[in-house]
Every structure is written in C-alpha cells, then in structure tokens.
Amino acid sequence: MNQPNKGLSIREMIEANKKKKYSTTNVFDKVMPFLLFLSAFVSVVTTVGIAFTLGFELFKFFERVPVAEFLGSTEWYPLSADQRFGVWALVMGTLQITVIAMIVAVPLGLASAIYLSEYASERARTILKPILEVLAGVPTIVFGFFALSFVTPILQALIPGLQIYNALSPGIVVGIMIIPMIASISEDSMSAVPKKIRDGALGLGATRLEVAIKVVMPAALSGIIASIVLGMSRAIGETMIVTIAGGSQPNFEFNPLNAIQTMTAYIVQIAKGDAGYGTIEYYSIYAVGALLFIFTLVMNLFANWVTRRFREEY
Amino acid sequence: MMKQKELKGDHEVNTTTTQPNETVMQKESAYVVNNLNLWYGDDQALIDVNLDIKKNEVTAIIGPSGCGKSTFIKTLNRMVELVPSVRTNGEILYHGRNIFDRDYKVEDLRTSVGMVFQQPNPFPKSVYDNVAYGPRTHGIKNKKVLDEIVERSLRGAAIWDEVKDRLNENAYGLSGGQQQRLCIARTLAIEPDVILMDEPTSALDPISTLKVEELVQELKEQYSIIIVTHNMQQAARVSDKTAFFLNGEVVEFDATDKIFSNPTDKRTEDYISGRFG
Amino acid sequence: MALPNSEFKNTKNLMDRASVSQRIKRRLQLNEIFKYVFLAGLVFALLVLSTLIYDVVSKGGGWVNLDFIRNFPSRRPEQAGLYPALIGSLWLMMLIVPMVFIVGVGAAIYLEEYAPKNRITSFIEVNISNLAGVPSIVFGLLGLTIFVRIMELGNSIMAGALTLGLMSLPIVIVASQEALRSVKMELRHASLALGASKWQTTFNVVLPSAIPGIITGIILAVSRAIGETAPLIMVGAATFISTTPSNVFSDFTALPIQIYNWTSRPQAEFQNLAAAGIIVLMTMLIIMNSAAIYIRNKYTNRH
C-alpha cells in the first residue's frame, strides 16, 4: 500500500483533538437539544398566549356585560348610547358568508380535485396545478378589492336591490379563495387511493366517471370531509374580504342582499377606531375573538380527528 | 488476567493496560463477545452469542437472511441502537472494555471502529469533502494535513487514480463501485482499528465486487475486518475466520478453511452445500 | 350439475345485448360530459384569476410609475405614493425571516431528529397543526395584548413582525419537517458511523441536504405574511405616516395597510391607487414565489 508520509498519525491527532476539543463539541451536544426543544415549545407558548389573552380579556368583558346577553340576544349595538352585545347578529353575518362561500367552493373545489386526480394527464397536471397555487397565494386584501370593485358592480347589475355592501359578493369571493384549499387536500387524498383499486373497477368496464364517484370518492371520503371542514374554518376566520365588501351592519337576518357585519369585520372596525383601552368595546373584540377561536379550533380538531380516525389503510 | 510486565520498558510497544494473555501463537483479540443477547421489542434477534474476533484478520459472518448477522455487526459499533426498541444484555469487550459501559462514549467507539454499509452512501458533497468529513468532524482543520489524509485514504482504498482529477466533483457522479470504495476511503480517513463491512458488495457489479475483495485483502495488514456477506464464495475467498449464524445463534465459528471443507455442525454443512438459505 | 334456479339455465337471457350496448353508450356519454364539467372547476379558477389580474391592471396600471414608488401618501391622488408602505413591508420581511428561520427550523429539527416518541411530542405536533388553522385576526389580538401592551412595544415594526412571525411559524415548521424527512437515513448513518455526534451529524449532513426545501418553505410562508392585513391592523400599523421608520421600534405602515386605506375611500382615483398598490404588492410576491420555485426545481432535479 502506498503511504506518502508514515510520520503522520491521524489517530494520534484525533485523540489529541478529542482531549482538547472535548468541551466545545460536548457543550453543543448537551445544549442544542434543549434549545431546539425550546423552539418547538414556542408553538405551545403561542397557544397558551392566545388562550391567556382571550380568556383574560373575556373575563373583563363578562364583568361588564352579562353572559346571558352576549349569548342570548340578537342585537349588537356596541357604539350606540344604549349598548347591546348580542353576538348572534355577528354570528349570522359570519354564517351567511360561510354558507355562500361553501356553495361556491365545494362543487368547484371537488370538481377541480376530481379532474386533476382522475382525468388529467401528467402534463395537464403540471400546467393546471399552478393555477390553484397562484390563486392560493393571492393576498386577501386583493380579493377584498376585487369583491368590492368588480364583483359587486356586476351583481348589482344582475340583481336589483342589492346594496353596495352585502353578503353575497364577499361570500362568493371567499368561496373562490377557498377553492384551492378544498381542491388540493381532496386531490391529495384521492390520489392516495391506490391504482390497483381503480384498475380493478376499470377492468370490470366502469367508466372513469363511475370510478371517480363510486370508488375513489368513497375511499377518499375522510380527506374530502377534512378539506371541506378546513375550508369552512377558513371562511369563518376570513377578515379582509368581508371587512371591505360586507359592510358594518350587524343584522340577525339571513338576507345576502343586505349589508352585514361578520365577527372578524367587527374586530377590525373596533381596532381601527379609537376605542380606548379599558372600554367595553375594547374588551368586546376579545369576546368575539374568543368565540371565533373556539369555532375554528373545534373545526380544525374535527378535521384532524377525521383524517386520523378514518385514515384509509390500503 | 495477568499483565506481561516484562514487556514494559523494552520498547514502547503497546501501552493498553488491559492487554489479554499473550499465549504463544495467540493473536490479540479485537473483540471478545460474551453471552450477547439482543431483542427488537419482544423479538429476540441474537441469542447467547460468544465470539473471539482476532486483530488483523478478516472475519466473515455468514448465514441465511434474517439470521441476525447484520444485527450483530451493527451491535459492534452500537449502530443498532438507532432502532428505538432495541435492548441488549451480555458484554462486548473492545480492547478489553465493555462497549455497553455507561461511561463508554459511543462517539469514541465509532471513531475507532469504522463501518461500510450495504448501499454506498456518500454524502452529497465533493469527493474531497466526503473523505475529509471524518477528520474535520474530529477537529483536524489544517488544509495541508487534510490534503494528505485525503490522498492517503483514497490511495488506501485503491481509488486515487480514478478520482484524483475530480476531487471537487460531487460524489454522486461516481459509479456504484467507485462510491463504495470512496466510502471505504472515508472510513480509512479516521484511521480506525476495526472496519465493519455490512454486505459491502451486495449492490455492486462483479468487477467492482472483485476490486473491493482485493482491497479487503490489502487492508487486512493494518486493520481488523469483520465482513457480513450472503455470498459464501466471497467469505471463502477473503476471510481467515468464518462465523455461521442461524436464527440469532452462532452455530459454528472456526477457521474459514475448516468451515468450508470440514464443518463440525450438520447445519453448517447443509448451509454451505446450499440446502437452504 | 344443474343450477338451482331454472331462470339462469339459459345464459342468453341473462344479458340483453342491445340494451347493454345502449347503456354503455349512455355511460360513456355521461363520462365525456362530466369530464368537461370537472374541468370547468379549474377553468373557472383560471377565469377568476385572469379577470382579477385584468381588473387590477386596467384600474391601476397607469398609476404605477417611479413617483408612485418614491412618494409619500397624499390627499391628492395624483401625488400619492406608497414609499413608506414599501419600506415598512421590507422592514417586516427582514425581521420575520431570521425569526422564523431560527425558531421554525429549530422546532422542525427537534421534532424530526431529537424528539422522543411520547405524549409531549405528539402534543406539540397537534398544537402546531391547530395553530396553522387559527385565523390571522386572532394572532392580531394576541399581538395587540402581548406585544403592543404587555411588552410595551407599541405600534412598532417589532410588534408587527413578532405577530406575523408567530403566524407564519406553523407553515415554516411543517415545510422544514418535510425537508428534513426527505434526507436519506443512510446519510445520517454514514456520519454517525464515523464517530460524529448527533449534533454534528444534524448540522453538517442533515441540514445542508434539507436547506433548499427549508428555504422554499420560508419564502412561501413569508410571502404569505407580507400580504397579511388583519394582524397589522390589530397591532395598530398606521394608515398615514409622514416618515419612514428609522429603527425596529418606529411606527410603520405596510403595503396591505396602505392598499386597504385607499380601498376604503369612495373616490374613484383612490380605487385606482389601491389597484396600483396591489400591482406593486403582487409583483413583490411573484418575485418571491418564483425564487422559491426556482430553488425547489434546481435542487429536486439533482437527485
């Protein structure tokens, strides 16, 4: 064997370095796992922070406004002389937006998902999928502008009596915003259905449509449900589109042609205004925020649970 | 165990304190394995393994798949502990010290026991950086020293001539056989005492396999080599001693000539004559 | 052996060829129709996207020029610009990137490389996936209470960046976890077998291999954060300021806030300004996303 320099012993150098360098390497190996754990723990601290923030200010709100009024009344007049805090008026606004958004997003999102996973060629997928990704990356402020400056005028031309601020226009646009989410999560779970199951049905003479509806969709049901629930949760929490195009009139009636106010839009309205620290309005945004947080949390946990509980074993 | 005091002072031979008895003609041990048992969860993978592996020899571990030979070799540098549910008992003396001792740093063990894997696994770095990774990790930063280590290791692994002009190219550009020899060079770069090879040629073509086998013969001069192989001809070609594993137990451990010409145990005979496995 | 049921003795009666082929024809037609129905979902998305771009460009295209970038906001639309908002957004970005990089990648490394499989770990993971679904405005409430009031950062860039950083964290963590998971186990083994410690292996072998995926994830997360409006309204980003920020504790405004401000004014000119602002914002995001896609493609092709 060729040995250019017999005098150089790597082993001895390594041993010498080990003794010398022990401390620094050792310190890193002792300290880093702990620091990394702290990084991971930031997420827990954040959740605790949210719960603390909302809970603490919620408590102060309920010192001033009875729980029974908040949860039992349908009148929301926080800025009038005779203040009323019946949150159902805001919930109704949010509900209208969510319902309209889901009517738009579920069929279009699922149709896109089915096309991408069952019909599209590999080439078509690489061209079509980025459309959804770009749509998903559009900031909500842009969608808000689009709703107010483009969708609303068109709808007003079509529907007489539609107010400038209404639930319909932002509802539709929120739905458009959610399409990519429903499409991509559903498509993931439909693509995960193994080829051999599809081939089995195709081999028996089923058409692609029948395979999609009768074989793939039932097998991917948990993913589809999760995508819809997560989409709803996004619609409930969506802020800027409804703030810009929905108006600021909390009403406990289901009429998409009229101006509304959602829970999120109310929070923005107060935060933007001059409601001083310590006023009831100030605390009320935390009460509304807490309710919003609970709604979305329950839906997210449910979506998580559905995907975990009904994870298809192929 | 008696210490050979008269050796001291003569030359500065070996200063390891726990040197085993030097009976005449008896080589030093690299590893002494005593009553080793190992479980994956509830499944026992190694049962009462006892082996005395000598220095500067090639020891082959053979046996049908699932017999525990791969598990065994990974136990020798404690890589097996990366599987979360592993439990062991018994002892493995390396230079007389039990590698399972609480204060035995696993990094120290692996610095002097190199390993070559089934699939060539170079880092996605340059050829040079692959070989220099070990020394750098252990604090050797001097460029000149590193240059020399890299050259020496690549020569040692019989791949220098093939890569000397492309030291800065990504190692993924090498052929499978070259990658495996690069991995051997990477191991040589930290000058280990023992090199563990876990079916090092199973992913290689016959010519690359031959090159690696020749290399094993050369390396034996300086290193103790333990090689797991599913290929009995390979074991016969390269090794001095052979251990036959079956269902987690050592059936027979003896000189390779003896194992292949005149095995004591019926099961060994059945295996090497190709009746199963 | 005879079939138990006499009806089936004559197989010719089992299937009526004519009606079957009739049905097959109908099924194939249905299949063909629905193929286009499903495609319509994607076409609709494409249509909306192009309409949106057309709408914005037609309204704001003529308003984007150097003065628009260089000027401060003004009551007179023809003089108005978004310079302080642009600078504010850049400040935010510069603060958010290192924050989410250190904490997000740290968390991902912990979860992928170090975390034992126990209840605490799965609790942290559930936590992260739930945080990803918390509405941004709730992060805004958190920022308002914790950063603006309790930590007394005021309506500063720092308060905004911390709020947006926490909001982006789940995306960064999940993307980094995926990147780390895609690093082959064999590489870790190679390093460990050379006597490298866990941290040396993670830092010198695993992280470099995962870094393209991590960077892609961070760019995508930050580009989302930069487009966020609601959390910044909550922490009190100003709608009208006459100076650019001098340090991280200065008051500030940001592009989405400025756009929102213009959108909510009735005059048509301000709508045009809003559209022009959107063009600037979207251009920024497109540049960032292109960089992310470039990095992703460059490094995924190699292996």
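Letters A, B and C mark the chains in the order given here, with residues in each chain numbered from 1 onward.
Here is the rule we go by: a residue touches a chain if its C-beta (ideal position, glycine included) is under 8 Å from a C-beta of that chain, and two chains touch if they have at least 3 such contacts.
What you see is a predicted model; the values in this text were computed from it and never measured.
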Using only protein Cα atoms, the chain sitting most centrally is C
Top of the farthest list for chain B, CA-centroid basis, is A
If you tally C-beta contacts per chain pair, the winner is A-C
For the pair chain B and chain C, the C-alpha centroid-to-centroid distance in angstrom is 49
Taking each chain's centre as the mean of its CA atoms, chain A sits from chain B at a distance in Å of 53
Chain A and chain C have mean C-alpha positions lying a whole-number Å distance apart equal to 11
Shared-interface residues of chain A (touching two or more other chains) are none
Check: chain B positions touching at least 2 other chains come out as 108, 111-112, 138, 190
Shared-interface residues of chain C (touching two or more other chains) are 197, 200
Chain A partner, complex, touching residues on chain B are 108, 111-112, 135, 138-140, 145, 148-149, 151-152, 155-156, 189-191, 218, 221-222
Interface with chain B, chain A side, in the complex: residues 1-5, 8-11, 13-14, 17-18, 20-21
Contacts from chain B onto chain C in the complex sit at residues 77, 79, 82, 84, 107-112, 114-115, 117, 119, 121-124, 133-134, 137-138, 172, 183, 186-187, 190
Touching chain B in the complex, chain C uses residues 117, 184, 186-187, 189-197, 200, 204-205, 208-209, 302-303
Listed in rising order, the residues of chain C that touch chain A in the complex are 24, 27-28, 30-31, 34-35, 37-42, 44-46, 48-49, 51-52, 55-56, 59, 102-107, 109-111, 114-115, 123-124, 126-131, 133-142, 144-146, 149, 166, 169-170, 173, 197-200, 220, 223-224, 227-230, 233-234, 236, 256, 259-260, 263-264, 271, 274-275, 278, 281-282, 285, 289
